[in-house]
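Presented sequentially are two complexes of chain A, the first with chain B as partner and the second with chain C.
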Partner chain A sequence: MNINKEYIESLLIKNTRLDNRKFKEYRKITIETDVSPKSALGSARVKIGDTEVIAGIKMDVGEPYPDTPDEGAMIVNAELLPLASPKFEGGPPGVNAIELSRIVDRAIRESKAIDTKKLCIKKGEKVWIVFIDIYPINDSGNLFDAAYLAAIAALKNTKMVKYDAKTEKIVYEKTNKSLPLLNLPIECTIVKINDAFLVDPNYEEEEAMDARLTVAVLEDDSICAMQKGGDQPLSIEEVLKMIDLAIEKAKDIRKKL
Partner chain B sequence: MTLVVKDKSIVVPGEILAQGMDHVPAQGTFRENENIIASQIGLVNINGRLIKVIALSGRYIPKVGDMVIGRITHISFSNWAVDIGYAYEANLSLKEATSDFIARGADLSQYYDYGDLVTTKVIGVNKQKAIDLTMKGPGLRKLKGGRIIQVTPSKVPRIIGKQGSMISIVKEATNCKITVGQNGLVWIQGEEPEKVRLAEKAIHKIDQEAHKEGLTDEISKFLKEKLK
Partner chain C sequence: MINLVMQKALLPVLDLSEFPNTVIDVFVELTQTDAGTRCAGINAAALALADAGLAMKDLVSSISVGKVGDKVVVDLSKEEEDFEGGSTDIPVAFMPRTNKLTLLQLDGNVKKDELKQALEMAKKACQTIQQIQVKALKEKYGESK
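What follows is the complex of A and B.
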């Protein structure tokens, strides 16, 4: 609503936000792993303030893609459940659900965080496919960061199952073997309202934003993926400033994992 | 013959509230032969002979005489469409919008533009769910500045309190201008951001704890503590 946008802008001039946070301050992040030990190989529930997301990992055996015969695959799927927000509708995934899954997918894929070569069972015939399913339980803003954190927390929590080559069946019994993970990036979403850059927008700030940039930061402060949203443009200087801020915040978030 | 449930208890649909003809079913209840039965989940409210069930949550359903806060969603030749949080949009006609003379073909957006928030009053609800609004009356106007929050529409009477007792406590303590629409939208305007935040917190607290007794005292205590 326009009236709230004007109010948020008036607060930003006074250097404060709706919920009295600093511009660079996240809401309280809690990460809980193994929330669904029976139905998923790995799962996590992440809360950022009132925003809550559950992610689950499943594994299956399938054929590799023809261009990468010795590499496993990864598929991210997100669904915006109507229970999470009055704005979400049931039915097939819409633009926002696809964007959410793509943002999570891109950071993990481009960082090569999953060592897909180790997921090969038989070259050109059988590889492991990792399914990451994301379910928002409550959307109170910054769903991207919450969903991404849930996804990587669940990946870290995953215990692999065995594949029986003789019977060509998966033995659904968790082993002690974790997923072959390399360097996981951290995603940080930064929102621009007027001239101010805010991290972790709540739902009212998300409605009032001009533009947003999601940056995936690796442990050595290099970036591996970005996604821009919102209907206003960003200049190069602004993008660079946002990246610097994302690198700074990613360090704090990494400690929580 | 008698009441089966206590006042302010929580009931589920189908639950028998009273037997016999001594009581009269009102909102959220119906009579089936001898019994008065709940049709909603909610709190029982007994007022003399009347038995009501106040829903715990749900969407706003307009009634004639309600003061609501709406958002202009469409402008046509002779009327505005207003979103008041109901399944159907409400209609604000030229005649009810202003007493100014409006020339034929004038630009109506100079009165109310897209996205403007207005405090308005429901003057008609018909069977086809067409809702008519008016801007004529005390306190009905276009809202400028301030901020809007959403609460559960069924808790609005509790937020206002008896003769406005609850909301006036919040207004006095926080020095804010507050308008509560029956549709659950609350407009708050204040000079200091901290005070606005406090008013917001107090209103959300009332919304969440609406079923409690002695809430007025608790809220004034809460406000005093926070203002120290």
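What follows is the complex of A and C.
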């Protein structure tokens, strides 16, 4: 039983939300880059309201996947630190941590935002592997959007290191070279509570949601990744409405990068 | 991840309030895979839940739709998923009686109107799958009159 749900629903009927926001209104978004200048090649801290996430980028050299011998690789990891939410527990990543990393991974991968061909050092033998590590510091709702924004802000902030082919070692000194990035999508999460569609759900709204849809939108309004969550079903019409909302809000968020 | 989306796809048709403090374990074994595995798994699991005698509001029928090159298609094969000219995979699951989605994922690149077309095609395909599922159940338990 969720006591908040009834209260949230009564507010939605009056066209308002727990924190007095409009349905289409995000909390304040702040993006700070280079928060870990010494140890990460790129990093960012993103806050959406009280939700706070840090993302860091590291690079290593490894073997390419056999089906893409001339392309670099990307690995996204998310760790739900117990300090970030009463719901998170220590230990190996659970299903929610995996979902968070998959949602970030999928949007970047499917949009081909990283030009992986330019991360090839020697075809079939050595390529750069980009590690994106995500650490929520505080979960006050909408961790997905915050984590994704932190990941792409960190990617944009990344300065590459050099690989010395003679010694076969990485020279750990940042160069001026940025990561080869192409068109980055923006991810937007919409939740449905009763008949209302809300952007940027806070913690209580997430607890009360019926369904959730995370949509990754490219600059030309095409959709490159999507994932439904929540325990209730959605009709096709509802899905299309949520996509319209995501496309509209993605435009606003893109301006902040 | 795949177990999470399959669980969420099946959950809306079940009424678990009748079984407090109980866990229903669903095991899905994929003996041979050629794309659309989670969809096939959901179709089988929905039937298995019905076969287990659990009260269900509806069946769950699942199919993968998508775009291969610039054609919107139903039920992508592995070759189509790996198509070099670009491929979009949209696994969906419907509750066929209410036509509501319980699973929706997307990897690739589509415009909104293409997605709409794909979802309508998926809805139709899932109605066909539902008929086959119902037939299988009736074959086991006999026509009830």
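Basically, the second predicted complex is superposed on the first by the 256 of 257 C-alpha atoms of A that agree within 3 Å, B and C clash if a C-alpha of one lies under 4 Å from a C-alpha of the other, contacts with A are read in each partner's own complex, and residues count from 1 in each chain.
The rule is short, and it goes like this: contacts are C-beta pairs under 8 Å (C-beta built on N, C-alpha and C of every residue); 3 or more make two chains touch, one makes a residue touch a chain.
If you're wondering where the values come from, they're calculated on a predicted model, not measured in any experiment.
> Go through the superposed model and pick first if A:Asn20 touches only chain B, second if only chain C, both, or neither.
A:Asn20 sits against chain B, while chain C stays out of touch.
> May I ask you to decide whether A:Gly230 touches chain B, chain C, both, or neither, giving the answer as first, second, both or neither?
After superposition on chain A, A:Gly230 lies in contact with chain C alone.
> Identify the partner contact of A:Ile243: answer first if only chain B is touched, second if only chain C is, both if each is, neither if none is.
Second partner only.
> After lining up the shared chain so the two structures overlap, which partner does A:Asn138 touch, if you call chain B first and chain C second: first, second, both or neither?
neither
> A:Ser85 in the overlay: touching chain B, chain C, both, or neither? Say first, second, both or neither.
So A:Ser85 meets neither chain B nor chain C here.
> Does chain A have more residues touched by chain B or by chain C?
The partner that reaches more residues of chain A in the superposed model: C.
> With the two structures laid over each other on chain A, which partner does A:Glu6 touch: chain B (first), chain C (second), both, or neither?
After superposing on A, A:Glu6 lies in contact with chain B but is clear of chain C.
> If we count contacts the way the header does, which residues on chain A are in touch with chain B in the complex?
Checking each residue of chain A against chain B gives 1-4, 6-7, 11, 14, 16, 18-20.
> Could you please specify the touching residues of chain A with respect to chain C in the complex?
Those residues of chain A that touch chain C are 95, 98-99, 102, 106, 109-111, 213, 218, 221-236, 239-240, 243-244, 247.
> Spell out the residues on chain C that touch chain A in their complex, using ranges where they run on.
Residue positions touching the partner: 1, 3-5, 8, 11-12, 90, 95, 98-112, 115-116, 119-120, 123.
> Report the residues of chain B in contact with chain A in the complex, numbered from low to high.
Listed in rising order, the residues are 71, 115-117, 143, 145-148, 187, 193-194, 197.
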